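Each of the next two complexes has chain A plus one other chain: chain B in the first, chain C in the second.
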Partner chain A sequence: MKVDRLKVEGIEVTHEVDPELVTNVPTLESMSECSLKHYDAVYLGMPYCWEYEGNLISNHDDLGAAVEMLRAMKKKVYVSTFAAPRNKDLKHVFSLIDKAVELEVDAVESTNYGVIRHITKEYPDVRVHTGGLTNIYTSATAELLYSMGVERVMPAYELPIEDIRKIKDVGLEVEVVVHGKIPLGISHDCFLKSFADKTGKDCPYICKEEFWFRSDDLVLKPFGSATLSGKDVCMYEHIEKLDFVDAMRIEAISERIGYRDVVGEIYRRRINEGYSTEDFGRLKEMAKNGICNGFYFNKAGQDYIGKVGKAEETKGVL
Partner chain B sequence: MVELLGPGGSLEMVERVFQAGANSVYVGVKGWSRRSSKYELDDDTIRRAAEIAHDYDGMLRAAINAMPRSGEISMFEEKLDFLHSAEVDAIILNDIGLMRIVRDRYPDMKIVASIGCNIINYQEAKLYRDAGARMIVADCKLSLEEIAEIKNKAGVGVEVLIHANTDFTYLGKCWMSSYKALRYEELDGKSYYVGSPNRGGVCFRPCLMKWGLHGGGTNTGCYAKDFNLPNDMFLMLEEIPPMLDVVDCLKIQGREYSVGLIYEIVRFYRDFIDECMAGTVEMSVWKQKLDEIARRRDAERIRRTLELMKAQKERINV
Partner chain C sequence: MLELRPGDGEALYVGLKGFSRYSDRYALTAEEINELAKQKRVYVAFNRIKSPKEIEEAVNKLKGIEGLILNDPGTIWKLKDKHDLSITSSVGICPTNRLDLEFLAEIGCDICIIPPELNEDFAKAKTDKTGKKAYKLELFRFALMEMFYKGRCMLTGYFDGIITKKDGLCTKKCCRKWEVFMGDEKVFETSFPPQKSWLRIDGADIVKYEGRQIKSGGD
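So, the complex of A and B:
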């Protein structure tokens, strides 16, 4: 999809490079060869809660096993870190980074500037990716991170495509979410836990169930200390507009295995073979609260603009 | 001596806040701060506000903390040149890349890392310090112990909000309002994002809508209804005496409130801090006074919240 320029023995040649298709898995139980076969790389660990049952960022033995599995599948291995570390959390995050370095993973992802600073200073050879909660809005910030040694960034979710391209122009790799529920906020605590009496579920099991916060015209998905979009961001129809990015993420951290499998397969086909009405229909069916474009077109995040450029009614929100 | 910082939502408010005993006042640069333009000041008014500040032997801070687009960095630099020429004493910034630009262009300009930076650990504070910040605003959810550790380990000044609100999410890490109702517009070549507080638009306060908790999958049903997502205003009192030896600045937010109310709040805290320093404070008397102020503040806040909720239906800035 993307034309890349390389110098081979002093002569500039161009060749087409497909973007990396990546996803994320929270636990060892959520890893299956079948569901990951469509992806080039996988982020390990659920970054929004230490207590999430089986979380790979909390359980280093499981993390080692997960890395081995991915290596056997010939996938690139990235490790996510806790998204909102306070002072007391830093030692746990640093311990995870030590483990990731020992396991020789391909990259460590962080959304916290303190953690990014720590990795680039202590482990200058480790490849660092920054996640969407890092608040990278400007090329000035991308330049700062580039100068620190960060190799890949996910620009702020609020950026439209033209501004993402400006981040890419800085020279580092850019990754974007092309499908799935994006975080709309992160807090210090899990609000869902306060409903344990009413739901009969408590931490760490409540997150394994499906719950939604619903209001008049808005649906949100609580997940750990994060709040995710109720609708699935879907760029299936518009993927060519993102042909300059280096990696496309299927955001599936809160989803069941089947979702990761089907959506990954559809996007792999989209990249290799092009648009399919049937596949697009399947994505819409799987989005329980409808699809949206996020902020790619400078619109409200929950709006959907179809290929013809008109706002479309997607599945009702209630 | 701790600095008492008050809001300047208008020139009248700037003067009254100094008369009430503040050491410094912050104002929003029109089109560039995290509030509605109604409460921001244009260039001429900022120049006059700086003169007023200096007449009172005080300082003026200018908030230029909305995230601009990458293509607007040259406009930012022009605005920066103006603020420097207007003898503004400090600027409040959100974007870490822009901090580095300010540091390199005007090394004498004091940079304050905004509440929107969501600085929650000492490693992060170190990176902001490296980028040029001399003071950071502590997130409202941090304990005094955490704040002291950040200050000691990072070696930066720390500002604490004593009249503000704790959001459902960390401040600066919330996109619920823009997901719900973002509207993009352009005026004189500058972009405006109505509904996105990170980008200078109003927050439509979706957390204060009536929410319900619904199950999905096999556990359909409504488990709770008509609740708000946590968003609480606070006015600190007992927390202040132990802070006086730790923090560098106490900030009163409230550019959107009436001048009369803000005068009362600033006067209250000036007298309270002075009495604390003299060691003669009788807490029960101060609590009673604060309860009365809180009642007036709540009445004004309810009116403002209703105004914002109405505005979100039309996606307009108010």
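So, the complex of A and C:
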């Protein structure tokens, strides 16, 4: 629970504010009222491939329908943009931003400095969020973005909690991933596309399959031009340590139907009612390759430190 | 055209111990850099991410150098007006389009390095709307093409707890043999070792030859 300080008639008062619980959905097909009911806000679109079948950042009619659906559910609507746009992608990015502005969404998210600057200059009334691949490693960069008009940042995934707190001190809103697979790299080409001759599946259908890179006990998940962590980042046990953030994201862009619903319900209960051993067990069961803490505790991102401070074995289904 | 080669070019990129990527084994002390700067045009790489204050204190110990290579937009923005030095944005910032370059020029970059994968994209993209150069473009003539864009890989931190951007080290997990599974079925094995590549440099103001990783064996 975050404590906000407000001045009312010159007197400082405090009140508790729950963090916004947010998730992301790639396509209209993957949206359902049931799976989104636990969230306050939703990022629309898959930022790692324009060609992903049904991608909301490429299908503007679907995007309009998705926005309408979320509005009816009284959710905040954010639109993601392509993660690493090249020059040839910019016309598509501009078209998407125009559509997002026309739809009056609540924010546009980008991880690209050039695009972020373009939005803050050309659309000063549009609220801008920056995603985790923006590479915000220092308070100085957060200050720079704040000075440009950015309202919310997701610090670099590799930052520990103490560094995230310093970024929060800059004065803008901070969002972090509390659960799900985080991107660990972004490439020039899509690995999956290059597998077509070996798998008998071609783009865009190959993305409907779940791929893994495994090397002994190391696991990665290729997904479009991004490669995600094989394990699910899980901060369920430690959520109080992130009580200063403004938004908590359930990263579900690559997940099958059902994951977003169950994980959202568990984290909503965690925020409202507190810890449940049963819920934590369910999260571990759902993580095919185990859970980890990401980079929050200055450890290897794939490690998991339990509530009692001991490393836990979490590989495989528990 | 200015050439930046590892070892013997017109100008040199050197690392300052404690501040440069790829370990300190081949990085120089401030005294060594100051001596070198008497003979060559020296650009000093500060491409490990640290606070602007730490970098400024280190820069203040250098004399006669030509410029700085920085890896964090906020640090570029903060340091630009504090020194009369050329500022180069490290490839680790990973600009992927012309808007990125305009942004980097706006915050104070004089020279922008782009990922080697994108050389051809940038051949005609270096002028602003008035036709005036807003920045110099630095392209790799020779580079190691890696699994991910340079500056966009977190595998070392994820698997080994070493944050490459802060600690400067890479454990090259990309070079391992990886089994590719579709669902639960193993379909083949692959690996993603860096590929030595010679690249087109049309439109470059400055040409760069990647050297440190090769010399140091990638540590």
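Some notes on this structure:
The definition used in the following text is that the second predicted complex is superposed on the first by the 315 of 318 C-alpha atoms of A that agree within 3 Å, B and C clash if a C-alpha of one lies under 4 Å from a C-alpha of the other, contacts with A are read in each partner's own complex, and residues count from 1 in each chain.
Here, contacts are C-beta pairs under 8 Å (C-beta built on N, C-alpha and C of every residue); 3 or more make two chains touch, one makes a residue touch a chain.
Keep in mind that what you see is a predicted model, and the values were worked out from it rather than measured.
In the model built by aligning both structures on chain A, chain B clashes with chain C. Of the two partner chains placed by superposition, only chain B is touched by A:Ile167; chain C is not. By the document's definition of touching, neither partner reaches A:Cys203: not chain B, not chain C.
Of the two partner chains placed by superposition, chain B and chain C are both touched by A:Asn112. Touch criterion not met for A:Met286: it reaches neither chain B nor chain C.
Once the two complexes are overlaid on the shared chain, A:Ile305 sits clear of chain B and of chain C alike.
The residues of chain A shared by its contacts with chain B and with chain C are 84-90, 112-118, 133, 135, 137-144, 156-158, 184-188, 195, 198-199, 209-215, 218, 220, 227, 229, 295, 298-302. On the chain B side of its complex with chain A, the touching residues are 67-71, 73, 95-98, 100-101, 118, 120-128, 130-131, 141-142, 146, 149-150, 168-170, 172-176, 178-184, 193, 195-196, 198-199, 206, 209-217, 219, 223-224, 229-230, 315. The touching residues of chain A, counted against chain C in their complex, run 84-90, 112-118, 133, 135, 137-144, 156-158, 184-188, 195, 198-199, 201, 209-215, 218, 220, 227, 229, 295, 298-303.
Those residues of chain A that touch chain B in the shared complex are 84-90, 112-118, 133, 135, 137-144, 156-158, 163, 166-167, 183-188, 191-192, 195, 198-199, 209-218, 220, 227, 229, 288, 295, 298-302. Only residues 49, 51-52, 72-75, 77-78, 93-104, 106-107, 115, 117-118, 121-122, 125, 145, 147-149, 151-155, 157-161, 163, 165-166, 173, 176-183, 187-188, 190 of chain C touch chain A when the two sit together in their complex.
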